[in-house]
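We just call them A, B, C and D in the order they show up, numbering each chain from 1.
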Amino acid sequence: MWIVRPARHEDLAGIEKLATAHGARVSTLPQSRDKLSEKIDHSQRSLAGDPALADRERFLFVLEDSGTGRIHGTAGIDARAGNGQPFYNYRRDELIHASHELDVAKHVAVLYPTHELTGKTLLCSFTIDPDLRDTEAFELLSRSRLLFIDRHRERFSDQVVVEIQGVQTEEGDAPFWDSLGRHFFHMDFATADYYSGVKTKTFIAELMPPNPIYVTLLSDAAQAAISEPHEAAARTCQLLEREGFRVGQHIDIFDGGPVLEARTDELTSITRRRNKTARRGEGSRGVRYLVANGDSESFRCSLTNVSDGLGDVVRLNTTIADQLGVSDGDDLVLVAL
Amino acid sequence: MWIVRPARHEDLAGIEKLATAHGARVSTLPQSRDKLSEKIDHSQRSLAGDPALADRERFLFVLEDSGTGRIHGTAGIDARAGNGQPFYNYRRDELIHASHELDVAKHVAVLYPTHELTGKTLLCSFTIDPDLRDTEAFELLSRSRLLFIDRHRERFSDQVVVEIQGVQTEEGDAPFWDSLGRHFFHMDFATADYYSGVKTKTFIAELMPPNPIYVTLLSDAAQAAISEPHEAAARTCQLLEREGFRVGQHIDIFDGGPVLEARTDELTSITRRRNKTARRGEGSRGVRYLVANGDSESFRCSLTNVSDGLGDVVRLNTTIADQLGVSDGDDLVLVAL
Amino acid sequence: MLLIRPLSQGDLEDLHDMAEGAGKGLTSLPPNRDLLSRKIARAEDTFNERCAPEAGMYLFALEDTGQKKCVGISGIEARVGLDEVWYNYRLSTTVNASRELGVHVRTPTLHLTNDMTDTSEICSLLLSDTHRQGGNGLLLSRCRFLYMADFREFFSEKVFAEMRGVSDENGRSPLWDALGRRFFDMDFSEADFLSGMGNKSFIAELMPKYPIYVPLLPEPARDVIGQVHDNTKPALRMLQAEGFNFNGLCDIFDGGPVVEAFIHNVRTVRESVKRHVLVSRQPVNLDVPPEERVMVSNRSFRDFRVTTLPRSCIKPDTVSMPAEVADALQVSSGDLVRLSPLKENRTAK
Amino acid sequence: MLLIRPLSQGDLEDLHDMAEGAGKGLTSLPPNRDLLSRKIARAEDTFNERCAPEAGMYLFALEDTGQKKCVGISGIEARVGLDEVWYNYRLSTTVNASRELGVHVRTPTLHLTNDMTDTSEICSLLLSDTHRQGGNGLLLSRCRFLYMADFREFFSEKVFAEMRGVSDENGRSPLWDALGRRFFDMDFSEADFLSGMGNKSFIAELMPKYPIYVPLLPEPARDVIGQVHDNTKPALRMLQAEGFNFNGLCDIFDGGPVVEAFIHNVRTVRESVKRHVLVSRQPVNLDVPPEERVMVSNRSFRDFRVTTLPRSCIKPDTVSMPAEVADALQVSSGDLVRLSPLKENRTAK
């Protein structure tokens, strides 16, 4: 059975394996054991409500196979993008250069450096065993975070954003980076990406060109990559769009990938979720649901069939109830898969 | 009885009187007779669907007292803000200047020149006899435009914007202008405002500073005026907010007044309007409604009481039916006042 | 004799012929009689004090007195950017460094600037193919500094020249193709023509206003920023010899450099001396190599004249000259003239 | 005798005393023994070729040989902006004009720039109050040009100096109060101190990056852009006399101007001559007015020495000097020394 729960220090080895095994870019999931350990620690302190972390709360969840105890995925939430530092994006805008006399009006696309998304809630650190890409575990892992946000709504902002991996070549180069960032950071994409995961953002303030960028001066490949998701992110995008996320004006400063935005209270998982009282009992039939129980450290989310009636009570079989730590009378959150 | 209808050349003298009599700023309603005449002409050609005006359609309506035939107000719509030229605004944004070492993060407000609202539908040229400010005629004049947009939805954009008059002193100075625009345009606010009504926007491209402006360098009065409406615009703002308009990130480049924005299809007047079949007949009782009839040149809008049933038919007394040019079986638009 | 004097309407046809012969790349003097005539009229107004001398346009003709023909022209614009906006790019350096990461990056950056506004420009140099030898080019160019030496109050402290940038035989400019064209949607020659005709408001309207980071441009464009056209290299060397230096600005269209100097530091000015004229009956061999000649100016605002004399004519307090030279210069014995070497004597250095 | 020589660790206490006496406004030399000692160490490394001469820091001491005391210091930074980012504002002109409306507006604009990166700076001038007379300031400042004249290959073509900007007796800077403070949330003295201590990354982080339109600043701030502090005016005049000019850049904190010159154009360099030493037994009256003295340098990279002699000691091929001067300069008869006037003789002009 698949369970999503907060990461613990015992998960370190399992997470590290995930972080290093799969090529996919997860800049917020560092590959160094020390940094990973720090990240788990930060998550645990955030869950415990450490006041020193106010406005810098970061949560990390794992996808566990309850049968084997193995970790097959991670997903994170930064309560406030930037975590107290500026959060960098480019904002796409268009100026119109018009000459009345020559009767021309040219639309000039411009990228403005912006920190506008700083402080919004950020979904991040998503990685999953590639074998599970096309299974319901993928959806469980991604959406369980939204149920966590719902259960701790006051800890999060009114808007949720997700940075989607941008276009890369098979060799791992990013055309957007090669045409823009590389000239200023003097490093390849992978290195910059690595630093952005493990360093403070000071280096971005120090190295990023402060002036707006004219899109027309970038390479054709870079222009094409603006706001374009990586092929591998197609399923993620699809899922997030169903949740109500939309491509806005912001893109990643490194690979040009799109940032998806949604209003927290309008997320499908949140508008459609129902609160029910738990009753342990016999087998479930019916429709497939995400079910979440518990708060903070005890938060658990899994998938089960629920024959959903009109009443306030929902029956869970004892196996899943045990996994979720559900006792009779517990307040559950459910939302259809 | 109050009737809103498209402006005609016969209205010229009446409009001119309005434009010159009241101090309120209506930069899109010029005070020169020639320009006014051009504006009426442009509106008539737009109504007639002159293909030469594609994307530059501008409509002007008048509020007429059908008893006296006198003009008491005007209201306009530019189908595409800028009318084929760039439409200028400042966009408010915030950068975060953060020093990790010094442990400070300073929010720096910046105004970016932008043409982002170019091409959106613009409500403009609103002026009304001050005696009518607190009457239902005010609401009729303003909202009738939305019914016109609804009846000719394909001619307009998906978003509607309105520039709200910004803060001015009793002497007619604009603190925002005095701290910013005056340095670059070398003229007083009234002159710049006048030119922006009668000249092509070339002079703005030529004189406006192209670089972003740091808000902190403006005078305190100018900073306070950013996105702040003029007292006299309070009623307009209230009415527009009821329609679903919201203050966005854009402000006027001259006086710093806010730009209100709404999605066309979400405007209250449009979502709540009903189409009914007209039946001429006896006196109306019931609730106060805006009623519109006719298309393009024959568009008319007025106020009447309607005892609104569930049926598809609405009865209008003959007086108002005549004013609106309604025959039995005409397709009317109604929306509650 | 080759004589510098103010340009006048009588030179129009000669000037038009030269402009036609010059071909592309000389945007300030297109072969257009109306425009040329207006320019001459402006110069006449300037010399005749019908306009403020600080706002004047000084155009000089090189006359072959034997042929009674104008064979060259050169000019000084007392102040640029008065009526229209004068644009350049400033080639500046942006440095970004992160000590933590050990990264230190210098990014050449082009900033749109109007910094030459209100500065004197030497311009409009054009010399007939038939007269390119014997130091005529030097005379035509350097006579301007003699003029400025005597009328410093009408010019700015600094003087500059815009040098033609790199373009190929078809008039294509690599910088324009990579930068300007993307904003103007027109060919270099068209933009250059519009600008030469004095229509510059389209630049304000269409030009990118934010800085351009040079590394974003393709290599051929990067390579020509601040570089001169091969045909202009001799002119650049001449100005460098006068003490002009690249000032970091370049042309917004083709990237050609702007060179500048303080007038008081210009060699022709610094090395110039004044002497009293002594009209002499002794025959003088005027036909000596450029290195041995000096320019001599009559120091007249309205009727400026310059020609050359052998260096040997200079005496401690006077300069002796044959009557025909004095006549050409419109000077008599006792008048104070200004002299400066026509060409540096390299061996003497 | 007053003698220029390389600064060494033995001068630390004298230097610290001078730094303490100098008070605010001398950020490059705060009265901090650790920092001063590190600076001296760097200079020693430079003179002893333990670092690349193109990246060196050359610090000279003015020694009163009678008192055996260091009474002044001056320096050359061979290249600025190598380790850290070097910031200035460029005071540029933005022109906007509308022919249709007859409006032509010039807006002074400050652009953040790193354009002095890789240029040689003369810096760190400090002279004890007890030795301000008799041309000692000139000697301390101009000796650097003699050094550069002989080691041109280690310095950039241009050399510049940052002049202290305007602040009041309490150390308040009108430009800082109107501009820097709004972005840095600290006092001028604090920012200046942080910057002087070599911590400049906070500038990259907090500094406004977009151009500043000067008319948006209040008048007291506008008035001091490019202006020097009253106490610095004599230093500015001295550099102007050497041929330095304001180059359009100014300090990002207090708005003080940057002045620059090509080394080959600096008067001390241009007017310098080389002569062979002739140690003479004839007594020489060394105590003549500054106008009648010349500086004489031994042209040594490691053991640079400069002192002054009466101008009358210069002969067509030689310079004669008493043995004690030759000893101080560490030269013997036949050695080639460089000489240049200590002070311009105004009456001779």
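Definition applied: a contact is a pair of C-beta atoms (placed from the backbone, for glycine too) under 8 Å apart; a residue touches a chain by one contact, two chains touch by 3 or more.
Keep in mind the model is a prediction, meaning the values are calculated, not measured.
Undergrad: Looking at B-C and A-C, which one has the bigger number of contacting C-beta pairs?
TA: If we tally the C-beta pairs in contact for B-C and A-C, the bigger total goes to A-C.
Undergrad: Based on the averaged CA atom positions, which chain is farthest from chain B?
TA: D
Undergrad: Roughly how far is chain C from chain D, going centre to centre by Cα mean, in whole Å?
TA: 36
Undergrad: Per the centroid of Cα atoms for each chain, what is the distance between chain A and chain D, given in Å?
TA: It comes to 55 Å between the two C-alpha centres.
Undergrad: In angstrom, rounded to a whole number, how far apart do the mean CA points of chain A and chain C lie?
TA: 62
Undergrad: What are the residue numbers in chain A that touch two or more other chains?
TA: 97-101, 202, 205-206, 211, in rising order.
Undergrad: Give the residues of chain C touching no fewer than two other chains, as numbers and ranges.
TA: Expected reply: 94, 96-98, 201, 204-205, 210.
Undergrad: Have a look at which chains touch which and call the overall pattern line, ring, star, complete or other.
TA: Looks like everything touches everything, fully connected.
Undergrad: So in the complex, the part of chain A that touches chain B is made up of which residues?
TA: Contacts found on chain A: 82, 84-86, 91, 93-101, 105, 112-116, 118, 200-202, 205.
Undergrad: Considering only the defined contacts, which chain C positions touch chain A in the complex?
TA: That would be residues 94, 96-98, 100-101, 103, 105, 107, 109, 178-179, 182-183, 185, 199, 201-202, 205-208, 210-213, 215-217 of chain C.
Undergrad: Using the touch rule from the top, collect the residues of chain B that touch chain C in their complex.
TA: Within the complex, chain B contacts chain C at residues 202, 205-206, 210-211.
Undergrad: Chain C touches which residues of chain A in the complex?
TA: Of all residues in chain A, those touching chain C are 97-102, 104, 106, 108, 110, 179-180, 183-187, 195, 199, 202-203, 206-209, 211-214, 216-218.
Undergrad: Could you list, by residue number, the parts of chain C that touch chain D in their complex?
TA: So the residues of chain C touching chain D come out as 81-86, 90, 92-99, 104, 106, 111, 113-115, 117, 201, 204, 245, 248, 262, 265.
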